[in-house]
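Below you'll find the structures, each written out as structure tokens.
Two complexes follow with chain A in common, the first pairing it with chain B and the second with chain C.
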Partner chain A sequence: MGSTGSKERAAVIGVGQTKYSSTRGDVSMAGLVREAAYRALEMAGRSWDDIDAVVIGKAPDFFEGVMMPEIYLAEALGCVGKPILRVHTAGSVGGSTALVATSLVQAGIHGTVLTLGFEKQSESNAMWALSLPSPFTTSINAGAGGYFSPIIRRYMEVTQAPELIGAMVALKDRQHALRNPYAHVQDPDLTFDKVVESPMLWDPIRFSETCPSSDGACALVLTNEAGGDAHDGPVAWVHGTAMRSEANNYGGRNVVSPQASEDCAADVFAQAGITNPRKEIDAVEMYVPFSWYEPMWLESLGFAEKGEGWKMVESGATHMDGGDLPVNCSGGVLSSNPIGASGMIRFAEAALQVMGEAGEHQVDGARRSFGHAYGGGAQYYAMWVVGADKP
Partner chain B sequence: MGYNQDPSVPPAALSGAVSIPDALADLEPVRSVTTPLRMEYTATPGASLSKYLRAMKEKRIIGDVCPDTGMVFVPPRGVSPVSGKRTTETVDVADEGYIESFNITRIPIKGRDDLHPPYVSAWVVPDGSNTGSIALVAGDDLDLDDVRIGMRVKAVWKPDDELEESAANILHWEPTGEPDAEVPDMMRIGRPTDGGAQ
Partner chain C sequence: MRDVAVIASAQRQERSIDNESEVEFMVPLMQQVKESVGLTQQDIGFTCSGSSDFIAGQAFSFVMTIDGTGPVPPISESHVEMDGAWALYEAWVKLQMGEVDTALIYGYSKSSPGSLRDVLATQMDPYYVAPLWPDAFAIEALAARQMLEAGKVDHQRLAEIASRARTHAATNPHAVRRTEKSVEDIMGEAPMADPLRPSDISAAADGGCVVILAAGDRARELSDRPAWIRGIDHRTDAHTLGVRDLTQSMSARIAGEKAGVGDDKVDFAELYAPFTTSEYVLTEALGLGDDVVINPSGGALGAHTMMASGLIRIAEAAERISRGDGDRAVAHAGSGPVLQQNLVCVLEGE
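After this line comes the complex of A and B, so read on.
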């Protein structure tokens, strides 16, 4: 089911991020989102007067324990009197939020929209929030790693991938992060051996194969075709958008490559006219909170044949240095994880690549890039393809 | 109007906007306040889960049958997660099954003093069910290195006089020592409705 009918073209004209770190103790939640929003407005050369609506996303409220923070953040952002909409799709929320904002532009409802994702993990305990006992089922699941590690083990068993592929991904993303001044994890002394020797948390997932807990916010300014045409600055045009979801447990579910993931990727690439994603996409920002998800998503999304994703990793194909499909040049979720922003960061970094604004982690000549987010029990998906050229 | 490549440079609109009154200059700023919250609630399980919990008190595990695919889902929810249709048939599944996959959890969960890392957190699929759920695999002489995908396990129930309407009646699952089960290929391509009841 591809999207049909006529719709406005949409374009990204502003990207703003905060320096990701374990504790941004100098700002409140409000201060954090203001910083990202004003950076995005500044890049877009716009002010709040030019913004018609705000679309905001974060992880579930019980992470920080602030109920419906969008209500007070409207005031903190300075957008009182404008429509503000909150999106909820667990870990994929940053991506879904950007897509809801895009759809408001594409539908002609608003001309220019600011969208923002954030998390202040220093004021929450995500592992506790993800391990709440349920009254009707047994609950022994230790956070997201507890949930995803058996799925990773299945992937390893079925593909017979070498045990240290995950460590290669972890090292690669942290090497990429050294080129992104906004990335949280900055460890120039990290080596392959150090990753391998780091403690097992949820065997088979090691500490160094796991994302950090970060404070941070990311914002985008999206505008319509007229706004994009008239913009005096870099523009990333939206070539395709797709969201899918499915139940997290049903008989016959392929938990390694869920149907919703495959359907979502097929839809977004069809919209962008892409038949060979590996050849036609120049830079990938995919949601990889645990290193093994890189080969798993490469297969699920169609960048590799089934069972072959780990070979792409092993060959260095996804490394910025010499790879033909650089994945997570920003350092990815493995290097910065303000949960509610993490999906939007993927979308933002994909946009920066085709704008030519990614600085030291720029892929030379990137014309089309892919942003990806997933959430829940690998059951919510949001993806976009953006390009330097108007579609 | 390029992207700000230097995170230490604040957006112009926020630069120098904040100043602290002289009277407060010497005070230590309050960065955060920890405010413990407590919420008590009464949860109503609904018709399907009520049946499931009552069966648990009798040391039985039940599931719903999808009317379209014949697949069995545990716990029953009254609606098939595959077809979305209301279920009309409830069946007993075994209190034995196999490990579909697992991890060995080596870190503690805040506030969960009942769990003692390292422990095995496994997807256990009971015989007769098409779904697994996360369960503790344990046992006095369980060797963590011996746990594997396909391992046969059986439920260890609380003593009869302690049984309640609760999933916690199953203390954990322990290996049976039987030959390993053949685990369905999770990597196959195709719609879940291509499958069928076991």
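After this line comes the complex of A and C, so read on.
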């Protein structure tokens, strides 16, 4: 036995997604996860027999009303006789799940791993699930938007950002979504004025600036260096992975740009040898459930100087058409939000970009991309950098 | 594989912990275990926990508990919606990568506010089985009936398991069922979920467990006798009860083989056996003979804290190894109806 341990290279060779929609009444939960898994296996050119282990993630079990649904999904995920791990780290779970799967490959424990995130919100009621009375705490009964809107106001105040930056982000992501056949919200008639005129839900977040509730699943096939080298097809090599968590509430906490976010980004970029993320990253898939989080994360993650994130948005820098740092070419969380899968979709879409497999929302010549997820009270983070070249 | 060991643990189990939330009763345990090896949260390379929203009755329940670790400045951390033993597995994987040398793991639950046997019915196939609300005792009773009718066990054997567990639990300050009972008295109990008698069924508890892992020389620095993880593996069976042979466990057998249980003599085993019948199935699947002491802590029949019971098995086994009560132990965790999912860990002293 070695004393220091070692890290294998890991690669994505398969990506599978379902169509995202408010109700996938045509399939059971098992049918939904299999749809994504089959597509990932097909792209990877692998069969169930090639999979050594499964890592599955989803958000709260109350969203479907099934306790630890991976137990029921054992057969559907082809893991009878195999290991299955179930990850749950709030909204970041899809990203964290992909990273746990990656670590199984990097640690040399398994050669090829299937990882999958899903949510079938139509099976239950998310607002009920999030509003269960619990001892010792009072629910604000306002959902995630009610929690994040004061933080957005704080960002606007500190940076003096114009009122309508959020609307610009929302329109951009919905325009991007039109190029992604899997995206849930497809509204070709949406205009900037319509976004601005949509009902105010949690000031300053309007209806068109918030994410939908979706059913859907996303899967990845990850393999080791030998598997990636031998693969006859596009490969996304993992260049860096990082997770960070911090307390929800403490004195001096920067709620706009939490320390865990900054630490996580610094770690993942250092692993990938990136010193100037804006220049060195070709496509970004970040977790933006409310439009204003795009400029906020651009600053927190180091793509923009502090106070400059909204200016990047305003300049069109994050738009696929003409921007130098296209953000959420898939349409992002604003266009599809099966919560437990949303983080993994970011990671998967980042991989698709460097594999050259993003179809109509492909960024030409993307060589390195960034996937990002966050959760809880903006306290859980999972990030990765993937590249077309072996690190 | 890199050498990784359990170097410290702490647990608390009570029939019901009233007037304290999960984070309130976990904070002292976390502090106690870190202080026992002189580490602060900032010295810990990776933190991972296991818990269940369905038992807490609240979505994102683990988000409250993370505050108990003291995650300021931010920490590298993850959570599984599984028994803490699988959180330990995730941490062990992280340590294998060689980037960190220590990990903090915890698992906990407070099941007393609800009816655990009914809550567990929501684990079943949501379309065809869960609507019938088959509770956890009734499902195990089906397996027990099969075992009896196949002649694999008899009431006498199950009562012996139950009686021995109670004798062991009587010596464990963390156990909640600590009264000894003879085989005859147990045989005389009226069935609770026929053919299972009350003493065949685990003693539900509230509580939690915290474990610290360390790698290589770091483990030797922090512990006089680390309990080295020589093998660890986990597997699942099918969920559909009708396609399984409920009188044996394929997943436990595979996990035991992969973890290397049979490679050398086993001194004792800590098995997550929420029923006497589960203990029978596990000893068969893992090939543990009569010379192996089973559940010196009393096991889950002595105290059963969901989401922590598997991790507690590892902690109990490791503590005995570190004390010098044995040189090689098997620790096991399980989950799902009729132990659908099983994790096996082999621990050794140096």
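Note that in this section the second predicted complex is superposed on the first by the 382 of 391 C-alpha atoms of A that agree within 3 Å, B and C clash if a C-alpha of one lies under 4 Å from a C-alpha of the other, contacts with A are read in each partner's own complex, and residues count from 1 in each chain.
Rule of thumb we're sticking to: contacts are C-beta pairs under 8 Å (C-beta built on N, C-alpha and C of every residue); 3 or more make two chains touch, one makes a residue touch a chain.
Keep in mind that this is a model prediction, so the values were computed, not measured.
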Applying the touch criterion given at the start, work out whether A:Met29 contacts chain B, chain C, both or neither, answering first, second, both or neither.
second
For A:Tyr38, is the partner it touches chain B (first), chain C (second), both, or none of the two (neither)?
first
Which of the two partners, first being chain B and second being chain C, lies in contact with A:Ile165: first, second, both, or neither?
neither
In the superposed arrangement, does A:Leu325 touch chain B (first), chain C (second), both or neither?
neither
Between chain B (first) and chain C (second), which, if any, makes contact with A:Gln259: first, second, both or neither?
both
Which holds for A:Leu104: it touches chain B only (first), chain C only (second), both, or neither?
second
A:Tyr250 contacts which: chain B (first), chain C (second), both, neither?
both
Would you check which partner chain A:Ala129 touches, where first means chain B only, second means chain C only, and both and neither mean what they say?
second
Partner chain in contact with A:His88 - chain B first, chain C second, else both or neither:
second
Once the two structures are superposed, pull the chain A residues common to the chain B and chain C interfaces.
65, 123, 135-137, 247, 249-250, 253, 259
Mind listing the chain C positions that touch chain A in their complex?
1-3, 21, 47, 52-54, 56-64, 66-67, 70-82, 86, 89-90, 93-99, 119-120, 122-127, 130, 215-217, 233-240, 250-251, 254, 335-337, 340-341
What part of chain A is in contact with chain C in the complex they form?
1-7, 28-29, 59-69, 71-75, 79-90, 96, 100, 103-104, 106-109, 123, 129-130, 132, 134-137, 242-250, 253, 258-260, 263-264, 376-377, 379-380
Interface residues, chain B side, partner chain A - complex:
1-8, 10-14, 31-32, 35, 37, 43, 45, 49, 52-53, 66, 69, 71-73, 75, 80-82, 100-112, 115, 118-119, 121-123, 129-136, 149, 167-168, 170, 184-189, 191-195
Looking at the complex, which residues from chain A come into contact with chain B?
15-19, 25-26, 34-35, 38-39, 41-45, 65, 122-123, 125, 127-128, 131, 133, 135-138, 140-143, 145-147, 149-151, 153-155, 157-159, 181-182, 199-205, 232-234, 247, 249-257, 259, 306-307, 352, 355, 357-359
